[in-house]
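Each of the two complexes below includes chain A, the first together with chain B, the second together with chain C.
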Partner chain A sequence: MRRYNMLKRKAIIFSLDAIFAVVVAGLMILACFLHLSQTTTNIHQNQDIYKISLDSLTILEKDRTLKTAVETNSAATIQSFLDALPEQFCGNITVRTSAAVLVLSAQKAGCTEKNESTSAVRAFTAGNSAVYYAGMKAWYK
Partner chain B sequence: MNKMRNKKGILFTVTTIFLLLAVFLLTSAYLTRNKELQRMATLSLAGDRLSYIEDDIADNIYPELLSLNLESIARASDVTIIFNHSNLISSRDHRQLMLDYETFIEETYSTLNNIDIDLEGFNNSFSISPYDSTFIIDSDAIYVYTGNPTNISGITLTIDVSELNTSDGSPGSTGSVNVEVNINHAGGEFSESADLDPAVANGPFYVEFEDGTEVEVNFGSYNGQEGVLRIRASGVRANIPHLELRYDSLPEGVVIKGGNISLASVLENITKDSEIIIAEE
Partner chain C sequence: MGKAQIFSLDIVIAAGIFIVILLSTAALWYYGGEKMRIEESRNDMELITRNALAVLIETKGNPSNWTAHDFTTSDIQSLSLADEFLLLNQTKVSSLSEANYSTTKTLLGVLGPDYEFRLDINTWNGTAYAANYTIGLEPNASASEIVKVERFALLGNTWTKATIRLWKSCEDITC
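Showing the complex of A and B:
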């Protein structure tokens, strides 16, 4: 009986020790997960998509697509440019006067605008040196 | 035997704690590094964005708004700079066009990009260094002032108008700067040249048209300044397919400059100040 009591006490001590070890180990693993969960790759994705928007608007301005679109009052070439973008990439472009009056707009076919998007702006002149700006919103499909 | 087991247990516990601690420190280091990379990526993007905005504002804006294109800068015995200009006409207010663009950039565009933009010295003029020349385009007139007119060695102009001429005239030679003026009009071509003194108020090269309008080119002293080139299209639309300025060759390269741009991103605490370089040799 005495020996049985001794063994029982030892078991309790062992169990407390083990529980303590498991709790410590669990806390440390949890801390590791918490740390890892704070890292994100979203910022890089947003930066990539933003840079693509900047490049797109630069190309459209330098090759005079935006100017021609305003002067001919047709967004067809802008639409073609958007449709030719990579499949996973969505975007729309609006062209406004310097007083923010909408002149033209186009959106890539098969895309629906999402809340999480980046936007870029490019100014240009058309017609009799009137100032316009094009705004491009971009997001991943 | 029991002592041995206890020692092994302690060793096992300590090793496990160290391993867990190592994993924790590793993740912590990874997190710190990740945050640092994000900060660097953000700064890098901010820099790219400022460069993009600078390019957007300044690139080709002077030729677009002033209807003036630089054709070439060539260096031989002289330095020759050739421009062409379209739409020299009183109804085109170059000063207002530049002012409207400046207002748009400093207000609407600045707000759209969430960045403070300031354009300084942005107007209907630009400078040509090292010759200290200032080129001004103002509606129906072009003025080229030069700080040291002895550097000017020659000027050649071709001007196109569609009116029918009635009379014309040209100045007599007074000095050594060769000025050649060709005016193409509905009645034919006016082509004259003279060697002029930049310090003298020389008479004009001119062609008058049926309705009393005229094209006039002057070179010499004007409003107390020597060596001023003036081209005026009074009441007519003139295109200038060839405007050639020849200067004595100086060792410094030619730089054609407009105003200055100042960009400040409050969010990223970055500023960028630069000159608008229209062209350089």
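Showing the complex of A and C:
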């Protein structure tokens, strides 16, 4: 009698492969949503920071700040320029001789160097027409 | 004998699962398309902003003495604030700050739908960058997207920060 009652009950056949199929479909849809919802980083940001570096070195060279800094052995004006960079930017400027000997360096206050940075280099002359290389590394805060 | 209709529970479940997957896929399709559209629009604005500022501070313009010409799209092919790379010309800067906004927009290539721009030229006063010249319209409360780019140049041997903001004016609820 008990067995007869069990046979009378309704059942749902939901095989293991069907469960797998539903789970895989669900996971794929979820993965697509997660992938699409990820915020894409601004592809122009590295270009911006590189341009800022190049601009900085160019104007410091053209207004003779770099030349004066080498000749007076003072990076005070370069430091003022770096400190006035926009809030989100950090950077440092180093000046080396053609033999790669460090002459001057300055870094924006409140910044610590990061691995993800861009760098630009500009050559200029100072003193007895000696060639120096100014390098600027810049990164986002 | 009467006829019967078979509609078992497992078919209902199968149909339910199928519909859920179908709806999820449709939602995914819509979401992906919408995200793509927003990113493309943003990318367009980013490119226009950078190009406009680069043209202004890196080139001489065409003709290079455009301030001596009528400020029209037929007389001027390309605007500029510089005499050479990053060296700004005082006359060009003051002329552009007084020029017709609509013509300036056209000459700078700011031609997207409802795009407006604002250019600020701030010069170093010894301790900070002070506002000196402004060109264009300040973003208003209806601005839906703002792209901001900053570059440095020299104006009369003074450090100058040029900031351009391209923004999208959005008046209706579809933005």
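Just a few scattered comments:
Rule of thumb we're sticking to: the second predicted complex is superposed on the first by the 98 of 141 C-alpha atoms of A that agree within 3 Å, B and C clash if a C-alpha of one lies under 4 Å from a C-alpha of the other, contacts with A are read in each partner's own complex, and residues count from 1 in each chain.
One rule holds in what follows: a residue touches a chain if its C-beta (ideal position, glycine included) is under 8 Å from a C-beta of that chain, and two chains touch if they have at least 3 such contacts.
Since the structure is predicted, the reported quantities are computational estimates derived from the model, not experimental observations.
Of the two partner chains placed by superposition, only chain C is touched by A:I52; chain B is not. Of the two partner chains, neither chain B nor chain C is touched by A:A76.
Of the two partner chains placed by the overlay, neither chain B nor chain C lies in contact with A:V23. Of the two partner chains placed around the shared chain by superposition, chain C is the only one that A:A84 touches, whereas chain B remains out of contact. Once the two complexes are overlaid on the shared chain, A:A123 sits against chain B while remaining clear of chain C. Of the two partner chains, chain B and chain C are each touched by A:C32.
Within the superposed three-chain model, A:D63 lies in touch with chain C and out of touch with chain B [touch as defined at top].
Overlap of the chain B and chain C interfaces on chain A: residues 25, 29, 32, 36, 40, 43-44, 47, 51, 58. The touching residues of chain A, when paired with chain C in their complex, are 10, 12-14, 22, 25-26, 29, 32-33, 36, 40, 42-44, 47-48, 51-52, 55-56, 58-59, 62-63, 81, 84, 86. For chain A in complex with chain B, the touching residues are 21, 24-25, 28-29, 31-32, 35-36, 38-40, 43-44, 47, 50-51, 54, 58, 61, 98, 100, 121-123, 125, 129, 131, 133, 135. Chain C makes touch with chain A in their complex at residues 9-10, 13, 17, 21, 24-25, 28, 31-32, 35, 39, 43, 46, 50, 85-87, 124, 128-129, 149-154, 157, 159, 161. Across the complex, chain B meets chain A through its residues 13, 16-17, 20-21, 23-24, 27-28, 30-31, 34, 38, 41-42, 45, 48-49, 52, 55-57, 61, 64-65, 67, 97, 100-101, 104-105, 108-109, 112-113.
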